[in-house]
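Look at the two complexes coming up: subunit A is in both, with subunit B in one and subunit C in the other.
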Partner chain A sequence: MAEQQLFKVTIDNITVEVPAGTTILNAARKIGGEVAPPAMCYYSKLKDSGGKCRTCLVEVSKGSEKDPRPMPKLVASCRTTVMDGMEVKNITSEKALDARKGVVEFLLINHPLDCPICDQAGECDLQNLSYEHGNEGTRYEFQRRTFEKHSLGPYIQLHMTRCILCFRCVYTADQLTNKREHGILDRGDHSEIATYIEKSLENDFIGNVIDVCPVGALTDRTFRFKNRVWFTKPVDAHRDCPTCSGRAQLWMRGDEVFRVTARKDEWGEVMDTPDGKPGWICNTCRFEKKNTSDWVIEGPTKVDRHSVISQGHYIGMKVPNETFQPLMKGREPKLMMDIHDVSEVNKTNIDLSLIEGPATSETFSPDA
Partner chain B sequence: MSKKLLLEKAHVEGIRGYDVYRREGGYRSVEKALKEMNPAAVVEEVKKSGLRGRGGAGFPCGMKWSFLAKVEGVPAHLVCNADESEPGTFKDRYLMEFLPHLLIEGLIVSSFALNSHDTYIYIRGEYAWIIDILETAIEEAKANGWLGKNILGSGFECNIHVHRGAGAYICGEETALLESLEGKRGNPRIKPPFPAVKGAWDRPTVVNNVETITAVVPIINMGGDEYAKIGVGKSTGTKLISACGNINKPGVYEMDMTITVEEFIYSDEYCGGIPNGKKLKACIPGGSSVPILPANLLLKTAKGEPRLMNYESLSDGGFISGSMMGSGGFIVLDEDQCVVRHTYTLARFYRHESCGQCSPCREGTGWMEKILKNIEDGKGKISDIDLLWDIQRRIEGNTICPLGDAAAWPVAAAIRHFRDEFEWHVLNPEEAKVRNYGLAHYADPIHVAV
Partner chain C sequence: MQALTTRAKQVQRKPLSWVERIYLWNIFKGMLITFSHIFKKQPTIHYPEQKRTFSPVFRGLHVLNRDEEGRERCTACGLCAVACPAEAITMEAAERMQGEEHLYREEKYAAKYEINMLRCIFCGLCEEACPKDAIYLSETFTPSDFTRESFIYGKENLLIPDPVKQPEAFAKARGLN
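Entry: the complex of A and B
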């Protein structure tokens, strides 16, 4: 193969060489850190994705070596390919940052902000984005748009109210399954992700829509409401799977496997397997193998120390000294009231991860 | 009386039928092009004519044609955009309804120039009866040997297909139109690649407005150089204007682009002035998407020169003191019209028509509509006006397709020129329910002799 042509591109005054045909966003990811624009809809493993959310807008201050004119508008960096000698401003451009602030505001005006009860909280791209680029309050004074909740079959829960219409799940179904069974209905601000009509999604690989969803619109029904992600501990594991790579991440608490997902890279996307293919996992691995005995555990996943998930990462953690006993001169503290005396929730004899579907009061009723 | 090229024969009895159209000199351009010229020569004539796209953006047509990628073994397509959905614009409807053969003639010549064997007319579904007219006309043309295989013995093959849309404004955007034509959801594509490289079914495609295509007929008949002599500057040829609103004679007018806006509104040949002795308050000169202009800025530019009805003059002063030619939907507002209500109506339209693909447009248009409704209902706050300004600023230019701009510009211009009216609405909610603000202090200061 002939030597691939390399283009020099300068992003926020850092020059990097990338092959021709690379997008600005991927060139910026090569530099890494803050220079990489945030992306809510672009997913490098999904062809044709991107260009929709507009969070990755950047300013091109110099088109190329041959044509140095700046581009008149901000461009979506995920869909614009670099030219030789291009100069791009991302975090050094006030215009781009202002536009991004606007986009975050637009994405949030109809978002329910129900993070306290959302399973995605802690690993939500929209949370991260609003934390970095959003305002502390909202200027929106109207009723937010709402939708009915739908179950897309036994495994996937659709919470359309939270959706930001990134189209990633549509591309996933297009590209991983042989027949897409869901899509966008209606248009404009009332468009919604839906199956036509009220069907369930049943393809072997459809569970991956949960992994690509940047918000809590598509969540795992076998994990729903069972735990917060930062209380669980991610562990790399693999198993011999006839349908997929079998390389997954187990989200554990103690010995219980609460959730199985594909492994994610630093951009929150599904990691490649050693043979260079995206490591999508199948529904069997994701939803049905919830015992540690199903898996060969490789070790704890490295989690970015800034991530809220690393709060549950116990490596090197020092147990603080118990202060009660010395203070009380050797006596044990007296338990004033055991919560289980008044509540049936969280009975110690119930294994949360083994319950089918979300836990309800019925799960904890004495007859169960 | 300005020169007419397209509508010259529009009032001839029976011109809708083939026989009369042919007797009146129809299809001469096809004969000329196919017998005497080659495709490159046709493109060259159109380039020389300086014809600018009549759909709204005003991009030079000849240049657009020359961008068409020529790929060996891959057919190219010409698609005629007849999805005329811009509020206030109805010129294409008039052309297609009364002169269907003129469009077909233009399509044959243009298809010959672009070597498109399958040419499509994408027409909005609401024009249901026009679809029948076009299909009858295509049948007639086919029966007389103007369509099909080996037209006039030249070996050139051309078929025209009419595709009806399903009622979405967004499908007038060229890439959304192509998606819809392919049978998909009408969402605009992300450019590049442009349709000239990858258009319908990934083949090189040119999308032209109905009026642009029909203008090719006189260009070929009279020659590009002759055509370029009509008009002024880069606004060559004639333009159809669909005038509506508070005027005595609403309708479709053809004019060469040398007359002044004042003449257009007040002369009896065109709009015939404002009815009931009212005064001119404002005007949207190019279809609902372009900025609204108050009377003083409409009739004279910021430099004090009289404003002409052409591309350059209407956009003189940028968006600060100018507007755009747009698609030629000329909407006139008299002193009784309320700008706030008018802006709210437009905002509602754009919210309803936003495709929902990219976030600024999907969320921003709805937000603007709600705020405008509040102001209109007397529940607004002064800070809402600044908020509106901020929202439109963050939509404009940040969306995939121009619908975001089209939704932002009317709001921006209304606030820019009529801010006092918005403030009056907020401060006098009760009064605003029963009467309008009337003329702004700067509107209609010019004494107009009728």
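Entry: the complex of A and C
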């Protein structure tokens, strides 16, 4: 095969060379950092994804070397391929930033203000996007759309009101599992993610829809309301799994494994395994292996310092030398109170990480 | 050696005179200062009977709020705990079951909610962080006690009385009467 043709493309005054057929978004991701436009529906590991949410809009100020006219409208960078000599403006373009602000407002029109309840809060793409690009208030004065509750089985919790219809979960089911059982029903304002007849999603690998969901529409029912993301500590771990790569991330608190997810890269997508395949994990790893003994722990995941998940992780903490014992000739200090004797929280007889669904008043009732 | 301050005085080591040795003159001088205070304005008050007015921004004991129907507002979102610089707040969340709609405002609620008043520094950041108007710092002190155990405040200590079922207690807690 002849050597692939390389195109020179300039994004926000940074020039990069990419093979022909690369999208503007992927070229920008090659540069990295702030230049890469945000994406809510595009997922590089899923074929055909993208082109739906319009958050990745960029301005093309020069079409190519041969045809230097600018493109008349903003283009979706996840679907537009680069041309040789193309010049793209993302964060340097006021037009693109203004359009993105509008897109965020549209995405948030029907999105409920559920963040205090939502399990995705803290690692939510829409939350991050609206912090960076959105308005503080809303101009929408009407009722937000509501849906009848629809159960997707014991593992996956669907909150249709939070959905932004990115189609990622549909592609995941199509491309990873043997049979897709859910999809988007109805159209327009009424379109919703559902199975046609109430059916639970139990295909192997279907748990990955939780990881690809950019909002809290599909969340892990085994983690539901157990803890907040920022109180759990992510560690990289692996196990010998016959069906999947077995490389996962455990969200732990003390010795308890609260949640298992696939490892994510800097774009919030599933990380590749060393052999270059996306590291999707199977349902057994995700939902059933909630003991530390099931896993080989590699070490804590590196979390961005500015992320809320890194709060309370005291890295590099120096514990001062205890002076009491040498001074008191080896006598132990007298403890005035052990907090676990008094506290009602984190009772040793209730293992939240091991109960199947969310905790209810029955879990905490005195006779339970 | 150079003196650290300009007010340092050399200690006098000379032996006391006879007047100084009987101390009567010094006692009289001291009592004169004591008596003169009888005629001055008192800076103290008689505490439990008299109370000083609080500043409008006083931050005292925490209160977990209810809405007007008496449902608990807290959804255990954890923002107060993450904002707390003293790490005094812990909680455990639970899902609201069918038939509990009159107890809790949202789908998720705090089954356990604890503030360690020994750790709390009354900075009010929890109040500021709360997205649901659920926690407030009231204008009361944390009562003093002899044991440490009594400073772990659970939901039963923190929740404001139900405005529907116990209107008098609620009004009293709000300081309305």
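As a working rule, the second predicted complex is superposed on the first by the 332 of 368 C-alpha atoms of A that agree within 3 Å, B and C clash if a C-alpha of one lies under 4 Å from a C-alpha of the other, contacts with A are read in each partner's own complex, and residues count from 1 in each chain.
The rule is simple: a contact is a pair of C-beta atoms (placed from the backbone, for glycine too) under 8 Å apart; a residue touches a chain by one contact, two chains touch by 3 or more.
Only a predicted model underlies this, so the values are computations on that prediction, with no experimental measurement involved.
S.K.: Can A:V60 be said to touch subunit B (first), subunit C (second), both, or neither?
M.R.: Neither partner.
S.K.: Which of the two partners, first being subunit B and second being subunit C, lies in contact with A:R224: first, second, both, or neither?
M.R.: second
S.K.: Which partner does A:I24 contact after superposing on A: first (subunit B), second (subunit C), both, neither?
M.R.: Neither subunit B nor subunit C is touched by A:I24.
S.K.: Have a look at where A:L107 lands relative to subunit B and subunit C in the superposition and call it first, second, both or neither.
M.R.: first
S.K.: Quick one: classify A:M86 as touching subunit B (first), subunit C (second), both or neither.
M.R.: neither
S.K.: Which partner chains sit in contact with A:V257 here, subunit B, subunit C, both or neither? Use first/second/both/neither.
M.R.: After superposing on A, A:V257 lies clear of both subunit B and subunit C.
S.K.: Can you list the subunit B residues touching subunit A in their complex?
M.R.: On the subunit B side, the touching residues are 168, 170, 185, 190, 351-360, 362-367, 370, 387, 390-391, 393-395, 397-400.
S.K.: Any idea which subunit C residues touch subunit A in the complex?
M.R.: For subunit C paired with subunit A, touching residues are 75-79, 81-82, 87, 90-97, 100, 106-108, 111-112, 114, 116, 131-132, 148-149, 152, 154.
S.K.: Given the complex with subunit C, which residues does subunit A contribute to the contact?
M.R.: Per the stated touch rule, the residues are 115-117, 121, 224-228, 230-231, 308, 311-312, 336-337, 339, 341-346, 352, 357-364.
S.K.: Which of the residues in subunit A come into contact with subunit B in the complex?
M.R.: Touching subunit B: residues 50-55, 57, 73-74, 76, 79, 98-99, 101-103, 105-107, 109-110, 139-140, 142, 164-165, 167, 183-184, 186-191 of subunit A.
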